[in-house]
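I've put the structures underneath this note.
Heads up, the next two complexes both have chain A, just with different partners, chain B and then chain C.
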Partner chain A sequence: MLDMALTTGVMHVTVGNVAMWLIGLFFIYLAIRKNYEPLLLIPIGFGILIVNLPLTFLMEQGRGLLWRFYHYGLEWEIIPPLIFLGLGAMTDFGPMIANPKTLILGAGAQFGVYVAFFGALILGFNVREACSIGIIGGADGPTTIYTTVRLSPHLLGATAIAAYSYMSLVPIIQPPIMRFLTTEKERKIVMKQLRPVSKREKILFPLVTVMVICLIVPASAPLMAMFMLGNLFKECGGVRRLSDAAANELMNIVTILLGISVGATMSAEHFLKLQVICVFVMGIVAFAFSTAAGILLAKFMNLFSTEKINPLIGSAGVSAVPMAARVSQAMGSEADPKNFLLMHAMGPNVAGVIGTVVAAGVFIALAG
Partner chain B sequence: MKVSEVTAPMAGKIIDVKVEVGDTVSEDDELLILEAMKMEMPIVAPTSGKVKEIRCGKGDSVGADDVLVVIE
Partner chain C sequence: MDNLTFGLSLIVVGMGGTLLSLYILTLLMNLLKKFFPYGKENENKEKSREEHRDD
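Right after this comes the complex of A and B.
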């Protein structure tokens, strides 16, 4: 009788398993009730739940179903680049092309990445771990996952959850920092409407960008190449089917596999550690510094420019697209209802995605 | 009489029209709600006056700089 009971999972449940069930259910609750990144938090929460059911062996090396998703999807570096293909097919670089200065803001908002990197080193993480933690500050989920799998896969669950949690909390984290660092007068700066961007410019952009960035930071090529290929699909207009497939069906399929694979790495023995709390703390430090750096850089640029930039768009340089741009818009219209910053903020926002990929490429090249 | 044209600040979709022709509006009163990138943004009156013309309707897609409302 006892032998039979021991073949069930019930007899093997640990306190750690129960804690992870609660964490998994909490993510599912946040996704469904609070609408926090539901596309990711539901599969991640579900992955956490099932991988912590004893004797299911879902993550057993060479055998488990979720291990296969994880191994062939993430360790083989297939899923994050495919996500970037879809992102490229959904991204309009027009606002950035119309106002190339915003590229500088997108790059400047990567400052938090390096602050968190050094912070993590001080907290005792090794260089590879610090790179994975720092990249959370870029606010880009697939890039965080890609970097962590390459450099410190044991932290994957923590860094991915931190990145996606903070991205969904952008409307809560950023406004106090934005208010603190700007004056009422600055928040009221009205930026003139962006010039229209021609189709030719939009087609040339992905081609030129992929060549320039991959020549300078070759390690960013897998993400950057797919990102720009997706964008070329979108902008050239001749391959609507491919563009739609990348942005919709393919994106949805890889999102499911990504979410459940990330959740599956979060077994009790890997996740319930002090180290994970440190990852979350450094993640929010990275976010806050990236937000602040973008704003301060915009203010600095205003010292030398006749055409003033509303510093509120600087915070959109963290690449949480389009949440960070929406926050800029909301704060700008709060200061002056006639002020529309959304499209201006999309410039640094999409530039931030490129900036984070470049930062990841640098980390992988140096520490990988 | 001075005429003021309210234009779309960006491309998007009109999801609500809050005034009618002939209404008197004050500066910063909401005229329309524009949706762009899944964000709803009120378009407000740039000046006080009377709504002379409404050139868009609920559900219309508009381009940047399209004239939406004329106030005199």
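Right after this comes the complex of A and C.
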């Protein structure tokens, strides 16, 4: 009778397992009830829940179902580039092409990545771990996952959850920093309407970008190439089916696999550690510094520019598309209801994605 | 080289590299605007439409 009982999972449940069930259920609750990144948090929460059921061996090397998803999807670096293909097919670079200065804001907002990286080094993490923690500041989930899998896979669950949690908390984290660093007068700056962008510019943009970025930072090629391929599908107009497939069906499938694979890495023995709390703390530091750097850079650019930039759009340089741009819009219209910043903020927002990929490429090249 | 020294150099190279890459892209975007302005493209489209009408 006892032997039979021992074959059930019930007899092997630990306190750690129960804690992880609660964490998994909490993520599912946040996703369903609060609508925090539901596309990711539901599969992640579910993955956490099932991987912490004893004797299921879902993550057993070479045999477990979730291990296969994780191994072939993430360790083989298939899923994040496919996510980028879909993102490219969904992204309109028009606002950024119309105002190329916003690319600089997207680069400036990567400052938090390096601050968190250095902070993590001071806290005692090694260089590869610090890179994975720093990249959270880019507020780009797939890039965080890609970098972590390459550099410190044991931190994957923590960095991925931190990135997606903070991305969904953008409307809470950013506004106080934005208010603190800008004056009422600056928040009221009305920007000139964006110029129309020609079709040829939009088609040439992904081709030029992939060549420039991959020549300068070759390690960013897997993500950048797929990102720009997706965008070329969208803009060329000749492959509507491929563009739609990348942006919809493929994107949905890889999102499921990504979420459940990330959740599956969060077993009690890997997740319930002091190190994970440090990752979360450094993640929010990274986020705050990225937001601040974007705003301060916009203010700095205003010193030399005749066409003033509303500094609120600088904070959109953290990737979190389109949430960060929406926050800029909300803050701008709070200061002046007639001020519409959304399209202006989309420039640094999508530039931030490129900036984060470049930062990740530098980390992988130098620390990988 | 210890971790912190390496970290500092990585910050300089990383931030510099990110800014440089995106600055180069900015310059290229300006060139694209110069070579393929919106108005000209539209004029060409209009012309080709008119030619089709003539046919």
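Definition applied: the second predicted complex is superposed on the first by the 368 of 368 C-alpha atoms of A that agree within 3 Å, B and C clash if a C-alpha of one lies under 4 Å from a C-alpha of the other, contacts with A are read in each partner's own complex, and residues count from 1 in each chain.
Everything below uses one rule, namely that a contact is a pair of C-beta atoms (placed from the backbone, for glycine too) under 8 Å apart; a residue touches a chain by one contact, two chains touch by 3 or more.
None of these values were measured; they are calculated from a predicted model.
Superposition of the two structures on chain A shows chain C fitting alongside chain B with no clash. One of chain B and chain C touches more residues of chain A, and that partner is C. Contacts of A:100 after superposition on the shared chain: chain C is touched, whereas chain B is not. Contacts of A:329 after superposition on the shared chain: chain B is touched, whereas chain C is not.
When the two complexes are overlaid on their common chain A, residue A:111 makes contact with chain C while staying clear of chain B. In the superposition on chain A, contact of A:193 is made with chain B only, not with chain C. Once the two complexes are laid over each other on the shared chain, residue contacts for A:161 go to neither chain B nor chain C.
With chain A used for the fit, chain A forms the apex of an angle whose arms reach the C-alpha centres of chain B and chain C; rounded to a multiple of 10, it measures 70°. When the shared chain is aligned, no partner comes close enough to touch A:251: not chain B, not chain C. Look at A:338: by the touch rule set out above, it reaches chain B but stays clear of chain C. Shortest separation of chain B and chain C in the overlay equals 15 Å (C-alpha atoms, whole Å). Residues 196 of chain A are contacted both by chain B in one complex and by chain C in the other. Those residues of chain B that touch chain A in the shared complex are 9-10, 28, 36-39, 41-42, 44, 46, 64-65.
Contact residues on chain A toward chain B in their complex (touch as defined above): 193-194, 196, 322, 325-326, 329, 333, 337-338, 340, 342-343, 346. For chain A in complex with chain C, the touching residues are 96-97, 100-101, 103-104, 106-108, 110-111, 113-114, 117-118, 121-122, 126-127, 130, 195-201, 204-205, 208-209, 212-213, 216-217, 351, 354-355, 358-359, 362-363, 366-367.
Within the complex, the chain C residues that touch chain A are 3-4, 6-8, 10-11, 13-15, 17-26, 28-30, 32-33, 36-38, 40-42.
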